[in-house]
Amino acid sequence: MNVAPLLATRNLSRHFGGLRAVDGVDLHIHAGTLHAIIGPNGAGKTTLLNMLSGALKPTGGRILFQGQDITGQPPHRIAHLGISRSFQITNLFPTLSVLEHARLAAQALGSDNLRLWRDFRKFDTYLKRAWEALGHVGLEGQAHIPASMLPHGDQRRLELATLLAQDPAVMLLDEPTAGLSAEQVPAFVDIIRAIAEEGDKTIVLVEHNMGVVMTLAQRITVMHQGRILAEGPPREIAANEAVQQAYLGQLYGDFADALGEAS
Amino acid sequence: MLPRYRRSLLISLAFLGGLAALDLILFPAGQVGVILLSGLYQGMLFFLVAAGLSIVFGLLDVLNMAQGSFFMLGAYLGFAVYGALPEGTPVTWRFLAALVAATVGGGLLGALVERSLIRPLYARPIFQIVLTLGLATVANEIVRAIYGPAGLIPITPPAALDTTISVLGGRFETYRLFIIGMGATLMALTLLLLHRTRLGIIIRAGVEDREMVEALGVPIGRVFTLTFALGCAIAALGGITAAPYIGAYPAMGDAFLLNAIIVVVLGGMSSFEGTAVASILVGLARASAEQVSLEYLGSPLLATVSILLIMILVLLVRPSGLFGSETS
Amino acid sequence: MSALLEVQGLHTYIGQYHILQGVDLTVPEGSVTVLLGRNGAGKTTTLRSILGLWKPQRGRIRFDGRDIQGLQTHAIARLGIGYVPEHRAIFRQLTVEENLKVAERSKGDLQARQAFLFKLFPDLQKQYHWPAGQLSGGQQQMLAIARALVPENRLLLIDEPSEGLAPVIIEQLMEALRSLSASTTVLLVEQNFRVASLLAERYTIIEDGRSVHQGRMEDLLREQDLIQRYLGAA
Amino acid sequence: MSGPMADSRRRGLWSPGALLAGLALLAAPFLVAGFLGEGATFRMAAAAMICAEGYTPFVGAALGTWLLLGMAVLGARRVAGANGPLTALRNHGARLWILYLLLITPFLLAWATDSSACIRGKAFFWQSVFIETFILAILAASYNLMFGFSGVLSFGHAAFFGLGAYGVGLLMKHAGMDLVPAMVITIVASAVLGLMVSGIALRVHGLYFAIFTLAMAEILHLLAANRIFVDLTGAEDGFTFAVPDWINAASNRMTFYYLSLGLLILTFAVIYRLIYSPSGRVLAAVRDNEQRAQMLGFNTFTYKTLAIVLAGALGTMAGILRGLLNKGASPNVLGVGFTVDPLLMTIIGGTGTFDGPIVGAFLLRLAEQLLRDTVVSLGPWQVNIGERWALLLGVLFIASVLIFPKGIIGSLRFRSKLSASREDETM
């Protein structure tokens, strides 16, 4: 592709002591695509996402967003640039209500955060955005329940709703279907697909569930031991020898064939 | 020594060296000797309160604000036994009995407190602070109610410990040397216990991951009680050791608690080695600052302020203390 | 084969979360049984509930013919259950030797098993006096397994041994686990399906906190749609 | 959250809200007269009414309040309309009743003790107990803003309290300043201290931070008690200073009573508004999960700074009041006690609730006063509660931590949690 990528990394690395969690990664994510990052446990996917979202500082390399160097920026600034993320392990505010999660997410990127005297319920725009986001994932009915009382599947949806309330340019989704039951997954995938099809968002998806990845992703990057093993469209990846050897092959023999038939 | 300790040790040694050099510049050699000994003496007393604080915090995540009370109770308990022995008992025997009684009594009391009050609160650290603060008040008030607010007249130690000797041209009480010796012995014994015995290994493992220790079949609850009791026993022994020199009074625990907390924080909470090193460091810093402020300011202001300032400086450079791990 | 471990209708809450909602599980003596299922399905919680690290609210756990639910964790472990947790949980500041010493249940356990452990994991002998935190990931995993082998345990609970390890190391580890399984009963949680299929004779699939399927591994391998449905790919 | 609720709550506006408004109108002339220090005739009339012994002042206050009641309510409704500023009060039914009680307390005291509200006597003495309680309540509420609402644990709150008493006293005594500029400068100094503390919070965390603040307060404590500065601070003995007549608690104690009560209300209002403002919601998020709040796009440092500086300034205000009340300051206002007390009051009353710390302050301070001279016979022993108050307090801490972990208000609220859609629900 000739177009400059929206989000890119150059030789990005993160070492923990002797462990090279991410080791010289060059990633190119183009605007408007749904880009999946896969790989076995410990391949460095979450570490990579942590660096993209500013939660971890890289030990080497650079991160470029819209051509601008954002390496080492604190997470709150990265969120303001339009990169929001969800978490693999549900990571919520236990005592705050469902609605409040979405509302705070919308408020975070607004300019009223330091209005000290006015009641927060009087800022209609954020409330409206919050209700819309909850509507998107179907959580309006639970809006006033504390997040810690939601069942797990709904907490995953709330993670997504906080992201939607921010209306970011780039959504970083870290295993959004983790812990969902098989019946819950398709509905969740539909939500993500609907977001992707609106076309104005770039989605980076770290995911374990190959079914989800193969049906959703336009491009796939396979990571293995901190490095990029392969990158390309799903069909290519599914047929890639090295990928099969290192990742798919480990899962079970003829998995790639099964996928080939499915897609 | 582990490599990750190397930097901590270097910083500590640099501190010590700097202090000694400063003393040598400011004061004549004879005085420096006395300052160093006096620093060691103070450091050892801080250590005796801080030791329990550090182990208990490391293993149980309890900042025991009543640790100073065990120091104080040890002194009173020792005094009571010293005085209660029948007439004609030699001073040495009385003294030894006081030491033993304080240690055993402190340990038993600690075990009781852990079982009845601390145990229900393991999951709630802030509440333990409130609870142990309440405990300290209660201990303080009970002693006040029984013995009155004024202190007791110090007991007489055995004659050999009740004299002075000459150190590098300065005079120094033998009892203070005894305290240094006692502190150093306890420091060595505790380090040996932690590194050479199975109980010590379990305690150190528990500091890292209590749950895993229990999953390996160790009744961790009993280890908690034992550790808490041990910390209290050391503090109580510290109290009776110090008392012939500084007397026994209800507030004596509070004074040492603050210094002990500073020592533990400075060393890096839950690092016992850090506590040991930091207590010597703080003792020496305090003794030097005391001398400086007496000489140049006519007031002991610097003595306490200096160690608070040192703690603040160290925390700004190493937010988790000298020997603390960066992550916690 | 009689059942060494039998779990019936296990329900476990963590805080307000109803994590296990009815797990049934049988581990025959001398077998290797693997728990399969997605992230968050409740596999780790099952292991922890058996050991009493989470207290199950309902259900029955029989080990060696004896009800063990409600016992304290250390008492359960002392009945002869070894635990190799997720992320290893070795004591990083302690030396390899000290790590193993913590696991002793009576004096001399380590002495008696040393030769066996060194034979199984030669690396540990070389680094016996190193702080465990300085071992490589694979060596740490070996230490965690060795630690569970210090006393003569009848059952090993092993949680994700292959996680984050390079394939070469996984091969070594599997070698060791296979030689172990000849003499010990193992209940394994494993995401890596190949590892699971090569090691285990029996499987139980956990889905949404419930056990939904169990049987012999060789039968499972023939049921591709079952694998697809419950395990996705992972 | 308005709507159908509004009508059923309107009656709340009628009763305590109206009483309040009426009382404010009644009290205003006296306060103004007091401030001006002149207006002789009016003051004399007022003093004659307020300061009489026995039931006269109480009846006077109650009657005056009720007299103005109708007027106030009518006025308030006409001016404010259905959705004006006063409607906000309808969320505070029970609080307004208590406030009403506190407003007539000086008269109640005079009535109950059959003594004058204005000259030395029982009622006069009890007024000072209430004043001290208000000051402690302000201090505890400010501590709770940091600890309970924002999750910042500090052991150095006494530094702010002591700064208030010392700052205003030193400035008035040695710099010859008037009260108001001295107060302003002291508050500014407290804000600077607050900024320093929050700067440290950026680097040092958790218990290390708590101990750090403890050390900071101790340094101030030692400096204040040190003989080097004896000419300035009076060292251990502290120092006294002159205060303007209108605020001199020895003579105009009732003015001081209403001033400190007013500042307590102000503190409550400031904290309440802040917590319900967009920033306050961020504080709740920071307390719950700081890292996630950052990922949402909040620079959490800004909000923690806000909480620390504001809590510090309110704590300093309590300290200023304390200095003015005693017309002096001594090192104990910087001592650990004034960190521990608000911590305990907060925990006993209910961490992270609006009323908890205030309830805690009232409970501890008033109980101490009420039980001071009580002698209890326990079998053969005669126990003087006053002498053993500290002991009792220690036992109380232990018991409350074991029995009421959520504090008094927290436990009450937990019980009513199921009656949903309470506005405090997500606080």
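A few comments on the model shown:
Per-chain numbering from 1; labels A, B, C and D assigned in written order.
Simple rule for what comes next: contacts are C-beta pairs under 8 Å (C-beta built on N, C-alpha and C of every residue); 3 or more make two chains touch, one makes a residue touch a chain.
Note that the structure is a prediction, hence the values are computed from the model and not measured.
Touching chain B and chain C together: no chain. Between the interfaces B-D and A-C, more contacting C-beta pairs are found at B-D. Centroids of chain B and chain D (each the mean of its C-alpha atoms) stand 38 Å apart.
Averaged C-alpha coordinates give centres for chain A and chain C that are 31 Å from one another.
Note: centroid distance chain C to chain D, computed from Cα atoms, is 57 Å.
Rounded to whole angstrom units, the spacing between the C-alpha centres of chain A and chain D is 47. Contact topology of the protein chains: cyclic, one closed ring where each chain has exactly two touching partners. Pairwise, the chains that make contact are A-C, A-D, B-C, B-D. Put simply, chain C touches chain B in their complex at residues 51, 53, 72-75, 77-78, 83, 85, 89, 91-94, 98-99, 101-105, 131, 147-148, 151. Interface residues of chain C facing chain A in the complex, by the touch rule stated above, are 15-17, 38-41, 136-137, 160, 163-167, 191-195, 197, 207-208, 221, 224, 227-230, 232-234. Across the complex, chain A is touched by residues 1, 273-274, 276-282, 284-285, 288-289, 291-300, 302, 306, 420-421, 425-426 of chain D.
On chain D, the positions that touch chain B within their shared complex are 153, 200, 203-208, 211-212, 214-216, 218-219, 222-223, 226-228, 340, 343-344, 347, 388, 390-391, 393-398, 401-402, 405. Here chain A touches chain D in the complex through residues 53-55, 74-77, 79-80, 84-85, 87, 91-97, 100, 103-105, 107-109, 112-121, 123, 144, 146, 162, 166, going by the rule given at the top.
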